[in-house]
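What follows is chain A paired twice: with chain B in the first complex and chain C in the second.
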Partner chain A sequence: MQEEIRAFIFSELLFVDDPAGFGDEDDLLDAGLDSMGIMRLVLFVEERFGISLPDDELEPDNLRTLGRLQRWIERHR
Partner chain B sequence: MNPLEHLLRAGHAEPGQALFEDADRSLSAAELMEDAAALAAALRDRGVGRGDRVGIALGRGLDAARAVYGVLGAGACYVPLDPSSPPARLRHIARAAGCRLLLGRGGTPGWAQGLDWLDPAAASTTAPAAPPVAVRPEDIAAILYTSGSTGTPKGVAIPHRAVRAFADWGRDTFGLDSGDRIASLAPLHFDLSLFDLFTGPAAGATTCFVPERLKLAPARLVDWLAGQRITTWYTVPSLLGFLALKGGLAQRDLGALKCILFAGEVFPTARLMTLAEQLPHTRLYNLFGPTETNVCLYWPVRRERLRADRAIPVGVPACGAELRIDPASGELQVRGPCLMAGYWRDGAPRPVFDEAGWFATGDRVSRNDRGEYLFHGRLDRMLKSAGYRIEPAEIEQVLNAMPGVSGAVVLGLEDAVSGTRLAAAVAGDGLGQAALRAWAAERLPAWMRPAYYVLLDSLPVLPNGKTDHQRLRRCIEEELAACPTT
Partner chain C sequence: MTLQRLNPADHFTLMMDDQIRRSGLAGNFCALVLQLDGEPDVEALRERARDFPRRFPRAVARLRRQGRRYAWDSDGTATLPFHLHELACDSPAGERQLAAIVNAAADAEAAAPLELHLLRGPGHAVLALKWFHPACDAKGIELVLHHLLHDDTGGDDAAAAALEGLLGRSGLWERVRQGWQAKRNIARLDRRASILPEHGDGEPGGLAVRLERFDAGQSRRILDQARASTGLTGTALYFIGCAMRALLEAGAGDGGDACLVPYAVNLRRSRALYPVFGNQVSFLFAQAGREQLTQRERLFEHLKAQNREAVKAGLDRAMLALMQAGSWLPLARYGDIVRRAPRGRERSSFWFSYTGALEPRPAEVAGCRVTDMYQVSQVTAPPSLGLLVSGFDGRLTVSINYAARRFAPDWIDALAQALRAELLADAA
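Presenting the complex of A and B:
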C-alpha cells in the first residue's frame, strides 16, 4: 500500500527531482502538494483501498508526510 | 472622488463599522481612513503622486487592505506582487509596471534591488496630513498582471470607473449591507479580490480574511465559515467542489450563508448539484468575464434547471455591460463601465478596443431561447486551471529559453477531479525531466508549471510547417497512459 501511494503521489501529484530519496517524514506540503492535490490523493486512497477517511480528519497534520498519511489510513482500515 | 472619501461620504459605512477582519484584529472604517491617510502621506513624502504605480508585495490581509487604500489615497494605482511568485517574475512585473515604490515587509528583498522599497509598518512621515488626492474616473486604480499570449505577463489596467461600477453592482445585486460578513480567500493579484476589497466596503459590510492554512482542511474551512457567521463568499469552483466532496457541509449549520458567488472556471454541473443539495438555503451565482471586463455576465443558479450532463449558462449582462456576439466567429464582445482602460505598456494603458469601443473577449458564446448566454470555450489557446488563466505561449517561451531546447508546446489535459492540468512536450538534446522542472520553478508561479513533461526528439509538424497540435496531444496522452502510475 505504502508503495502504491508513493507511486501515485510522485507520478500524478508532486514532482520532485529524486522521488526515491524523498523520505517518509519529508514534508509533502513544503514540496508543493496543494489543495487540489490533496483532494485527488484522498479520493485515490478511498477508492483504491475501499476505505472512508472522515472529513473532520482531513487536515494538513494527517497528511503532511508519507508516514503520517500511512498512520492516518491505518487507523481507518 | 477618491475611494477613501467615498467610503464614508457615500453613507454606507458608519465610522465604527468593522470593514476588514482577520484572525485576531479588526479595522473599522475610521481606522482604515486614518491608517490609509497616514500611508498616503508617507507615500507623497517619497514623491508618489497621481498617476504613479506602487507595487504591493503583501499577502492577503489587513496590512494589504491598508496598503491598497493608502496607495489609492495618494492618487496612485496599486500593482499586486504575489509574494509566492518566483523573484524573476516579480522583478519583471515591477519593472513593466514602472513601479515608483514597492510596499512589503522588512528590508528590500533581492529581486527588488535597485527599486524603492518601503515597509508600511516602519513608514513614518513628517508630512502634514492632507485630504486624499482627487482622482478622475479614468485614472487607473489597479494593474493586475495576468498570463500573456505574447509570452510575457500582461498588465490589465483597471480604472476607478470600473472598480466603482463593479463595487456598486455587487452591493445592489446581492443586497449587501452592514450586516453582511464576506469571506476573502482570493489573492490580491486575482480579480476576485476586487469584490472583497471594494464591494464589501461599498456596502459597509465586513470582509473577513480566511486563514491561509484552511484551504488544505475543507471541514475546518466549513467550521470557520459557520463560526464566523459568513453571509457571502466569492470564490472558485474547484475549491467549492472540494468542500462539496469533503467539507461535511451537511453536518454544519451554515444558516447565515446567504450567498455564494463563483467564477474563474467552468463549474462541473454534477459537482455543483452536490453543493446545491448540501446548501439548500444558500443562493448560488455563476459570475463570468475575463479580467479585462471583470464580471460582464452572471447567472443566478436555478436549481430546478440543473442537469448533470448540461453546462450551466453564464447568464445575463452584469455591471451595466453591453454585449454582442460576432456573427462570424461567435465571439463575445463587451463594452460598458466595467471594462479595463487597456493593457499597461510603456507608462500608459494601451486600449485594444475597436472604434466603437467594443472589446473582443476571445470567448465563444451563444444564446439560448431564454436569451441567456452560454459559454462554449475559447477561440484561442487560453486555459483555465483552479480559476487562474494560463496562456500556453508564456510557458512555452520560458521552456524555449532553456539551453538545449529546440521547441516546446504546452497543452491542457482535462481531468474529471481537478479540472485542467498542464502537459509540456519538449524537443531538444540532452534534456532531463528534473532540469526542466527546476528551470520552470525558477521562472513561473506554481499554477503555471506543467504537471507532466514528455520529451521528444522533435515536435511533429503539419505539411505547412506548423506544429501539429492534434498529433502532439495524442503523443502526450499515449506516453502518459504508458506511465506506471498505479
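Presenting the complex of A and C:
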C-alpha cells in the first residue's frame, strides 16, 4: 500500500527531484502538495483501498508525511 | 518546429478569445505584473528575451487555422517582443499605461503568445509579461517567468504535457462516457438561472482593473479563515464563497436563483517546472442558491461538499472530454454552448481564478527585487467581471477585472468593500 501511495503522489500530484530519496517523515506540505492534491490523495486512498477517511480528520497532523498518512489509514482499515 | 495542434484547453481559451472579441474587447490577453524596487539591467533582460525562444519556440509561434482546428506554427527564429516604456510618475497614470498594454488588440492569428513590457520610473519599475491565453495558463506564465530568468533547465518537454497525458489514458468510449457525464452535470446546474452582476448594456469600453491589496497580517487572517471555513482542501472555495456573497451585497441584476462560478483546476504536479506552454487545466463549477448564500458557514460547507463530490466523480477529467469534443465545433457555436444556459441566459456569474503564491518565487529580476505581483485578465462581456486572487511574500491581492463602461464606479467600490469585509470575516 505504502509503495502504491508513494507512486501515486510522485507521478500525479507532486514533483520532487528525487522521489526515491523522499523519506517517509519528509514534509509533503512543505514540498508543495497543494489543496487539490490533498483531495485527490484522499480520494485515491478511499477508492483504491476501500476505506473511508473522516472529513473532520483531514488535518495536517494526518497528512503531513507519508508515515503519518499511513498511520491515519491504518486506524480506519 | 512543425505545426502543433492546440490541446482542448488551449482551444477552449481560443473560443473565449473569440467571445471576448465579439463583445468589443481586445481578445483573451492576460498579464503577470511584477513591481520592482529599482531599474533593472535592461540589456541583461533583453538578452534573456533573445535567448528564450531558442529554448521555448512556442513563445514566438503564431496561430494557424486548419479547417475548424488551430495549430501553433513556428520555426523558432522570430524574436520575443520586448517593449520599453517610461513609467508615469503617479500611480493612476501608471495603471492606465498597463491597461493600455493589456487592451492593445491584435488579430488572433497575428497575436504574439508572449510579450515583455518594462515600464521604467524613477527608483522603481514594472515588468509586465503579457500573454495570449491560448498559449499558456496562469501557472504556465509563472513558469515562463522562472525559465526566462534561469538557465538551469532544458527546453519545454512535450512528454511532460499533463493534459495530453490524462487524455491519452482514456480510450474512445471512456471519453464518450466522460463527455456525457460532464454534459449531464452542466444540465443539472442549468436548472437554476444564474445571478449576474448588475451591469449596463453599452459598449464595454476596454478592460479596467481594481486591485484590493491585503497586508501580511490581513492575508494571514484570510488564510486562517479559509482553513477554518473550507479546510485543507478548499482555499479557492473560500474566495469563491466570499465573492458570491459580495456580489449579492453589491447588487446583482435581474433575478436569478443561484451564483455559478467556473474555476480552473491545474493539472500539473505541484512544483513541476514543466510543462510551460499549453493550457494544462480543466475546470469545475461552484454553484450556490440564494438560500445558501445568506449563511456564510452553510455556504462554505455546501461548496466544500460540492467540490468533493465533483472531484470524486471525476468531473474535472470529464470536462476534458467535453472540451475535446468542443474542439471540433466552430468557435462561435462552441462559445454559445459554453456561455449560455438553454434559455439563453448567461451561465457564469463571474470568472474566477486563484493562482496562490507566485511559484517558483524569483529572487530578483535583472538586479532588482520584486516587491509585489498581481495578474490581469480580459473577460467576456457579459458577465464582464473576473476576480483573480494571487499571493506574493505572504500578501494577497485580489485583482477585480471588469469591462470599464459596463459598471458604475460606485458599484465596483461596493463590490470591493463587500469582498474585503467577507474575506476578513468582518461581516460574519
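Just so we're on the same page, the second predicted complex is superposed on the first by the 77 of 77 C-alpha atoms of A that agree within 3 Å, B and C clash if a C-alpha of one lies under 4 Å from a C-alpha of the other, contacts with A are read in each partner's own complex, and residues count from 1 in each chain.
We take it that a residue touches a chain if its C-beta (ideal position, glycine included) is under 8 Å from a C-beta of that chain, and two chains touch if they have at least 3 such contacts.
Keep in mind that what you see is a predicted model, and the values were worked out from it rather than measured.
**Student:** Please work out whether A:A7 is in contact with chain B alone, chain C alone, both, or neither, and reply first, second, both or neither.
**Tutor:** After superposing on A, A:A7 lies in contact with chain B but is clear of chain C.
**Student:** Could you tell me if A:R40 is touching chain B, chain C, both of them or neither one (first, second, both, neither)?
**Tutor:** A:R40 contacts both chain B and chain C.
**Student:** Just to be sure I read the superposition right, which of the two partners does A:P60 touch: chain B = first, chain C = second, or both, or neither?
**Tutor:** After superposing on A, A:P60 lies in contact with both chain B and chain C.
**Student:** With the two structures laid over each other on chain A, which partner does A:G32 touch: chain B (first), chain C (second), both, or neither?
**Tutor:** Touch status of A:G32: both partners.
**Student:** Which partner chains sit in contact with A:F15 here, chain B, chain C, both or neither? Use first/second/both/neither.
**Tutor:** Both: A:F15 reaches chain B and chain C.
**Student:** Taking the superposition on A as described, I'd like to know which of chain B and chain C A:F49 touches: first, second, both or neither.
**Tutor:** Neither partner.
**Student:** Can you list the residues of chain A that meet both chain B and chain C?
**Tutor:** In the superposed arrangement, which is not itself an observed complex, chain A uses residues 12, 15, 32, 34-40, 42-43, 55, 58-60 for both chain B and chain C.
**Student:** Using the touch definition up top, name the residues of chain A that touch chain C in the complex.
**Tutor:** Interface residues on the chain A side: 10, 12-16, 31-40, 42-43, 55, 58-60, 63.
**Student:** Once bound in the complex, which stretches of chain C touch chain A?
**Tutor:** Touching chain A from chain C are residues 231-236, 265-266, 268-273, 307-308, 311-312, 356, 359.
**Student:** Help me check something: in the complex, which residues belonging to chain A touch chain B?
**Tutor:** 4, 7-8, 11-12, 15, 17-18, 29, 32, 34-40, 42-43, 48, 55-56, 58-60
**Student:** For the complex, give me every residue of chain B touching chain A.
**Tutor:** Touch list, chain B to chain A: 213, 215-220, 238-239, 241-242, 245-248, 386, 417-419, 433-434, 437-438, 446, 451, 483-486.
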